[in-house]
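My questions will all concern the structure given below.
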Amino acid sequence: MLLQTENISHSYNGESVLKNINITLPFNNTCSILGKSGCGKTTLLKIIAGITIQDKGNVLLNNNNINKQPPSQRNIVYMSQEPLLFPHLNVFDNIAFGLRVRKEPDAVIQKKVVNLLEQLGLASQRLKMQQQLSGGQKQRVNFGRALIVNPPLMLLDEPFGNLDAHTRADMQLLYKNMVAEFKIGSLFVTHDVKEAILMADSIGFMEAGNLHTYENKQAFINDEKTGAQAEINFWKHKQVLH
Amino acid sequence: MKKIISIFAVILFVFPFLYAALLSVSKNIQYPALLPHDFSFSRWVAVFNPNNGIASGFFLSMIIAFSVASLSTTVGFIISRAISSHRYKKILLYSCYFPLALSPVIFASVINFYFVYAGLSGTIAGVILAQLFISVPFSIILLNSFWTTQIASLQNTSYTLGAGAQYTFFKVLLPVARPALMVCLFQTFLISWFEYGLTSITGVGKVQTLTLKVFQYINEANIYYAALSSCIIILPVALLLLWANKKFIVSKIY
Amino acid sequence: MILENMLLSNKFFNRTGITLLVMLVILPFAAGLIYALFYSIGFAGAFAKGFTLQHIKAVLYSNDLLSSFLYSLYIALSVIVYSLLLVIPAVAGFHRKINDGKKSFLVYLPLAVPAIVASFISFQVMGKTGVLSSVFFKLGIIKDLQQFPDVVNDVFATSIIATHILMAVPFFLIYFSNLFLTERLQDMSAIAASLGAGKRQILQKLVFPVLLKRGLAAILLYFIFVFGSYEIPLLLGRQQPQMISVLIVRKLQRFNLADVPQGYFLSLLYSLLMLVLLSVFLKLKNKELA
C-alpha cells in the first residue's frame, strides 16, 4: 500500500473534526474524497502532509509509520485550492524550488524544469511573475512545482475549485495524464460529484468528520446521500427535455 | 482656479527647504530685506571639518538612527510573529499602542528615574534604548499585518516541497517579507532621526544629536547655523524620499 | 526527532518574542506609570516623606491643570478642524495629482521636515522681524515692524496651530486620497452628479461624511499626537498658558522641589486621559476591520 491511515482523530478547541479515519490507497491510484466545505477534508490532508499533528492515529507511507517525520521529509506534496506561488520567484524558479532544496546540479534543474514547462504548456511564461498569470496558469505552475520533486503521493485540496468550467476541464485532463505518466498516487478532495467520479479509481464520502469509503464507483453512485444519483437524474432529465 | 491653488500649494510645500537653504548661505539679512546682501559658503565648508559640532552631531544621529532602525525592525519582526500566533493576540497588540499614545518627552520623563538608576542616563546606549521603547511598538504594529494565513501557507508549502526550517526562513520568509521590512526600517529610522524631546531628557544634553544642535543654535539666536543644521537633517531624508519615490512612506499603522 | 526540534525552535521563537514584548513594551510603560504614581503620592523621590495627598490637591486646585488641558485641547481641535477643511476639498479636486507618482513627490516632501525644524522656520517667517513682516513692510501695509501682529507666542497660539497644520496637511492629503480611491468616491460622485447633485452638495453630502467616518480612527490618533506635541509649542508658545507636554517638562525640571511631584501627577493624569482616547481609537479601528 502507498498510504494507509489508521484511526486518525482530531479536534479543534474541543470540537471533533475527524473521527477514526481509515484510508488505504494502493500505488498509482487516485482516491476522490467528496464532501461539503467544513467537513474536515482539509484537516485530513494537512495531517497526512505533516503540517497538522493529529491527536490520535497513525499515518503509514509504504507501510512505514511516518507520524514523527516532519513535512519536509515525508515527500508528500500538498496542493491547496488557491495556487499559492512564491511571490518573490518567477514561474521557472517556482517550479525549480523543490530541486534547489534538494541541491540538484544547475544543469539538471535547467533540463528538468524546461521539459516540464513544455509539458505543462508554460514554456513561454517561464520568466513571468505570478501577478502576470491567469488562474489556470497559476494552477499549472503550482502543479508543476509539486510534480518536479516526483513525490509518490500528492494531496489535492479542491485544486480546480476556483477555475472557470473550460479551464477546469483542461486541467482535469492534464492532471489525469500527468499522474499516469509520473506514476503518482493521490488523494483528491472535491465537492463536485462529477469531478469525484471522473478523476478517481476509488471514492470516499466525508460528512461531519466521518469518512465512508466505497468498494467501487457503482456503490458510490447507488448511495443516495452522496448526491450522485440526483446529479445523474438531473442530466438525464435535461436530455429528455432537449 | 485649480492651477492657482496647485501653484500655491507647491510653493508652500517647497518653501521651507528653499528658505532653510537660503539662510544657511546668507551672510547677513537685515530687516526688512528679504534676500541677503552677500552669500557665504564658509559654514557649509566648515561642516566637512570633523571637529565641527554639526558634523559630529550628524554622525552621532546616524549611528543612533541606524541602530534604532535595525534593532527595532529585527525585534519587531520576532515579536509580531510571536503575537500573531498567540492566544491573547488582540490584547498583546493593543498594548503596543499605549507607548505610542504618550508624548515621547513625557514617556522619557516618567522612566528617567530608571535610566539614572541603571547609569544609562546621558549615554548613547541609554538614548538608543529609550528610542527603542517607542520604535519597537511602532514596528510591531507595522509588521503585524504581514503575518497572514497566506504567509503560514507559503511556509507549509515550502516544508512539503522538502525545505527545512532554515531554508524556508532564508529563502522564502525573508524575501517575501522584504518590502514590509524596508518600510519598517525607513520609518523607524525617521522616528529616531527626528526625535528631540525624548533624546534631550534621556541624554541630559550629553548626547548631542542633530536635532539637539538645531535647538541649541535657535536658543543662541544663531539662525544661520540653525538653518544649516536644519538643512543637514532634511537633506538625507529628502534624497531618500526622492530615491524611494514614496514607496516606503505610507504607514500602515493607521 | 527533527520535527520535535522544529517545534521546539518555533516555541523558542515565540517565547523570545513574548519576552521581548514584555521587556521592551509592556514593562517600561507600566514602570513609568507606577513611578509617576508613587512620586505623586509621596512614595518616591529624593525628598519623599511617605503617603500624602498634598501634591495631588495642589495640582487639582491650581489653574495650571485646567488651563493647560484646555489650551492643548483648543490647539489640537483647531489643527484637526482647519486641516480637514483644507484637505478634504483638496482631495476631492486633486486626488489624481496626489496619487500620480512624480507629482506626488511634492506632497511627500514636507514629511522630511521634523517638528523642530518646522517651528524654527515658522518663527523665521511669522516673527516680528520675519519674512511676512518684511513683505508687509515693503508693500506698505505696515509702516513699522511693531505694527506687525503678534502671531508668535500669542495667546491664540496662531503660529503653533499654523505650523501643526502645515505638518498635518501632507499627511492627511496622502491618507485621504488613498481612502478616496478605496472607497470609490470618484464613481460615487459621478452617480450623485447624475442624480442631480451639484459640486457643493457632493462635497457636503458625500465626500465629507464618507471620508470623516472612515478616517475617524486616524483623525483621533493625529489628535492624540498634536495634544501631546512638544517641540512646536516649546519654541512658539508662551509662558502662560502652556501645552501639557511643555508644562510637565518645565515642572519636572524646576529647582523648586514642590513642583516635581506635581509634574509627575500631571504626567499620570495626561497618560490616563490618552489611554481613554486610545481605547476609543482601538474600538473604532476594530469596527473598521469588522
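Think of it as A, B and C in the order they're written, each chain with its own count starting at 1.
One rule holds for everything that comes next: a contact is a pair of C-beta atoms (placed from the backbone, for glycine too) under 8 Å apart; a residue touches a chain by one contact, two chains touch by 3 or more.
What you see is a predicted model; the values in this text were computed from it and never measured.
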Remotest chain, chain C as reference, centres from CA atoms:
A
Select, from A-B and B-C, the pair of chains that is joined by more C-beta pairs in contact.
B-C
Let me have the rounded angstrom distance from the C-alpha centre of chain A over to the C-alpha centre of chain C, please.
53
Could you give the separation in Å between the centres of chain A and chain B, each centre being the mean of its C-alpha atoms?
48
Per the centroid of Cα atoms for each chain, what is the distance between chain B and chain C, given in Å?
17
Where does chain B touch two or more other chains at once, residue-wise?
164-165
Spell out, as numbers or ranges, the residues of chain C touching 2 or more other chains.
2, 6
Touching two or more other chains - residue numbers and ranges from chain A:
50, 70, 73
Which residues, counting only chain B, touch chain A once they are in their complex?
150, 153-154, 156-165, 167, 171-172, 175-176, 178
Which chain B residues qualify as touching chain C in the complex?
2, 5-6, 9-10, 12-14, 16-17, 19-20, 23, 31-34, 75, 78-83, 85-86, 92, 94-99, 101-107, 109-111, 113-114, 132-133, 136-137, 140, 164-165, 193-194, 196-197, 201, 211, 214-215, 218, 223, 226-227, 230, 233-234, 237-238, 241-242, 245-246, 249-250, 254
Of all residues in chain C, those that touch chain B in their complex
2, 6, 9, 13-18, 20-21, 24-26, 28-29, 31-33, 35-36, 44, 90, 93-94, 97, 101, 104-118, 120-121, 123-125, 129, 131, 133-135, 137-138, 145, 166, 170, 174-175, 178, 217-218, 221, 224, 228-231, 235, 244-245, 248-249, 252, 263-264, 267, 270-271, 274-275, 277-278, 281-282
Given the complex, residues on chain A that touch chain B span 46, 49-51, 70-78, 80, 82, 84, 86-88, 97-98, 100-102, 145-146, 149
